[in-house]
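Each structure below appears as structure tokens.
Both complexes shown next keep subunit A, but they swap its partner, so subunit B is in the first and subunit C is in the second.
Now for the complex of A and B:
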């Protein structure tokens, strides 16, 4: 039986750039894992090939079969979480048990206001509208 | 609609399983064995060949075979220098090579590859046209299949999507990958 979980301090899921992310990871892994690893990473979602980048990893050695440990990782300045029509960039924490490589994931947002940046379409942006108006005259 | 919420986004398409019509996995694996694990999954672009090959790998592993997957594509149509030499050094007769994109190899390149890898326990490839190896399975697409896939992604009934599926299927000439990508674009545009 395997159960993995990631708990965030005060259930905070919105962060600003360079902010620390704190919380606890818990697991019940049978047979006992060799080690556990927590990753802070971003990945893309949307149309086309997906991309990802791991920013920080925290290794938990000599894990007990059933245990809870605290963690603190630090978000970088960039990239921000963002969403457009074609692509979103998502930040997440992932807890991995080795060697089974079973995984638990928790998504978070990172942006200037602690929220993802929404990218509007060119057709509705003010700059594009003005360009279209000039072209029509 | 945000890209991360679009039900036709890449990660959802990658989770789609191959849908057989008229055959089961056991029957297909029996066919593999009768062909001594040397055969081709044949079909046009976007018909599910890669999906089927990817799902075949764990099925073969369950039978105690070792699989090694290789992929060629339009972006990478040939093997990197030294790759084949490294590959054949470690080949055993318990290993089944799964080559996705055999059509990328020229006729000469294909025969060279087959010759160099003859020590392997098997070779299963994907290709657009039959002929390079005995046909293990031919992937076919249809508008009802497209409707079913889209319905699964949207969490709705296939009957509700039949008309749109027929239009998309015809426009993309049976290429389900491109048809599902247009579904992505349509949903993204509708929400603006």
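Now for the complex of A and C:
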């Protein structure tokens, strides 16, 4: 039987840029894994082919078949979590068992207000004209 | 969190019609590849078996170059007619096989060289099939030949994978994707490796062909400058026709004899490029100069008198040898672009003074050096008018160059025979695209002479929520402009694969007017400010997904292509920091 889990401190799933993400990872893997790896990464969803980028990895060496360990990783300044009409960017943590590559995933949000940016449509009128001061030179 | 209305599959599924089209397309690859694999495998196996045959001494009875094959057929090629006698288990046998298959030569010298190696009455080594002693060869099968099987196997693999992918259930695809770590995708997929291999192969084949049709003949010309000229007599001369799928090609075949070191030799090499090409008249003109019985000077290689040539200088057809460089160029551009994509995760983003910060594979957000974050920045156009014109011209030349071959074939055949209606109908859409490209070349040529805007942004890389000042200066024919508009545009760009086609969808989420004027003086130069909404997304560029910000300059010009240029802008995340994280 294999069970992998990621628990976040205070069940916090929304973060600001550069904030630390703390929590605990647990696993029950039989036979025992060679090592476990926690990855902090972003990935895209939506109409485009999905992209991903790993920002930080934490390796847990000499794991026991059943174990719980704590972790702390630090989010970067960007890119923000966002959700648009075509693309969404999602931050997540993944716990991966080696060599079987069994995985547990936990999605989080990261943005300036501690949540993802929702891309709304902004048209020219009003906003742009307010800042328009054309002058001949 | 909005996951959008799309599945999380990497490739979007196609309908049954699309699957059938894909299946037919890939079946063609699979079928053709399988047929060639079988042919290569059959010959390779037979060749390998000869390595188990018994090595035996034999005596050469006869060895000469002939113009007919073993069945007495004449194809214009030359053959080596060899006969030898050997003894097996106390019994004498005769054989006339040089190898398992009879080899033909377009170049007489090559056949002569082989015949020279087996002089009559000389002893040689032959290989006898122990199971069938009547079967023997002088030359065993090539050990390199079996490796050729990988070439058709590539086509078999492409066909099989293509058909499997077309019919693979979406659920199986989704399950396979769901079961693996999403973060593994950060390590780069097979696609990039495949693209690198494809363009690498393209370049390698181009280089190989360039070597064969250009470098090698050029080296031959250089070497032949020191070959002595000797009188020769033309034995026969003709224009040879080589039938092919895409029409006939022609070559010059002039057989001549000459005496070198008191011995008579024959050769049929006219120049160093050899091969065959389209164009009959030029070859016929050469043949007319060397009629049978005529005398000429040929140049003989003193180190190998079987090698001689009639024309040892450059010939106009040698320019054809430069054509493979197009393949080399395409392969090189593809390779470099692919390597740049690997190295630079901000590929596709504008060139600016923005430096990228590197958060492992997450380096997808631009940032300026601290001292230049607030400095003004002259923006660079995403595509210059000259670039558009040159790019379109190359595309038009390439496309129309290929199409013209088929059109000229159609016209030539129409002159001497019936009109090929189906070929004409088939060509119509391709010709229309070619004409469209010619029109586009004209359009971009005119647009090249449009007024040229220069845009300065201050600060050079604004943050979300910043107010940014934009100065513009238009040079050139400003008086031709009827109206000028400057807009700040933010858009999503999502690139995806559907079947074998790659598409990019755009969604403009921000369209902010910066300036709009029809006063000539204001159009020539001016400045305006705009605040970038704080609640939107900063610039972002991963491999297939981008948030692109740009300043678009539009100018209306009567009876002329409008001014429409785009200048990329790097919008940074809201004020946290400017240095690498």
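Simple rule for what comes next: the second predicted complex is superposed on the first by the 121 of 137 C-alpha atoms of A that agree within 3 Å, B and C clash if a C-alpha of one lies under 4 Å from a C-alpha of the other, contacts with A are read in each partner's own complex, and residues count from 1 in each chain.
Basically, contacts are C-beta pairs under 8 Å (C-beta built on N, C-alpha and C of every residue); 3 or more make two chains touch, one makes a residue touch a chain.
The shown structure was predicted, so the numbers you read here are calculated from the model rather than taken from an experiment.
In the superposed model, A:8 makes contact with neither subunit B nor subunit C. Look at A:117: by the touch rule set out above, it reaches subunit C but stays clear of subunit B.
Once the two complexes are overlaid on the shared chain, A:58 sits clear of subunit B and of subunit C alike. In the superposed pair of complexes, A:49 makes contact with subunit B and with subunit C alike. Contacts of A:73 after superposition on the shared chain: neither subunit B nor subunit C is touched. Residue contacts after overlaying the shared chain place A:88 against subunit B and subunit C alike. Touched residues of subunit A, counted separately for subunit B and subunit C, are more numerous for C.
In the superposition on chain A, subunit A positions 45-50, 83-88, 90, 118, 121, 123-124 are in contact with subunit B in one complex as well as with subunit C in the other. Taken in their complex, subunit C has these residues touching subunit A: 1-4, 6, 8, 10-11, 179-186, 345, 359-365, 464, 467, 487-488, 490, 492-497, 505-507, 509-515, 517, 519, 521-522, 524-531, 533-538, 540, 542-545, 547, 573-574, 576-577, 581.
Put simply, subunit A touches subunit C in their complex at residues 17-18, 39, 41-56, 76-90, 92, 94, 96, 101, 103, 105, 107, 109, 112, 116-125, 127-137.
Only residues 45-50, 83-88, 90, 118, 121, 123-124 of subunit A touch subunit B when the two sit together in their complex. Within the complex, the subunit B residues that touch subunit A are 1-4, 6, 8-11, 181, 184-185, 188-189, 191-192.
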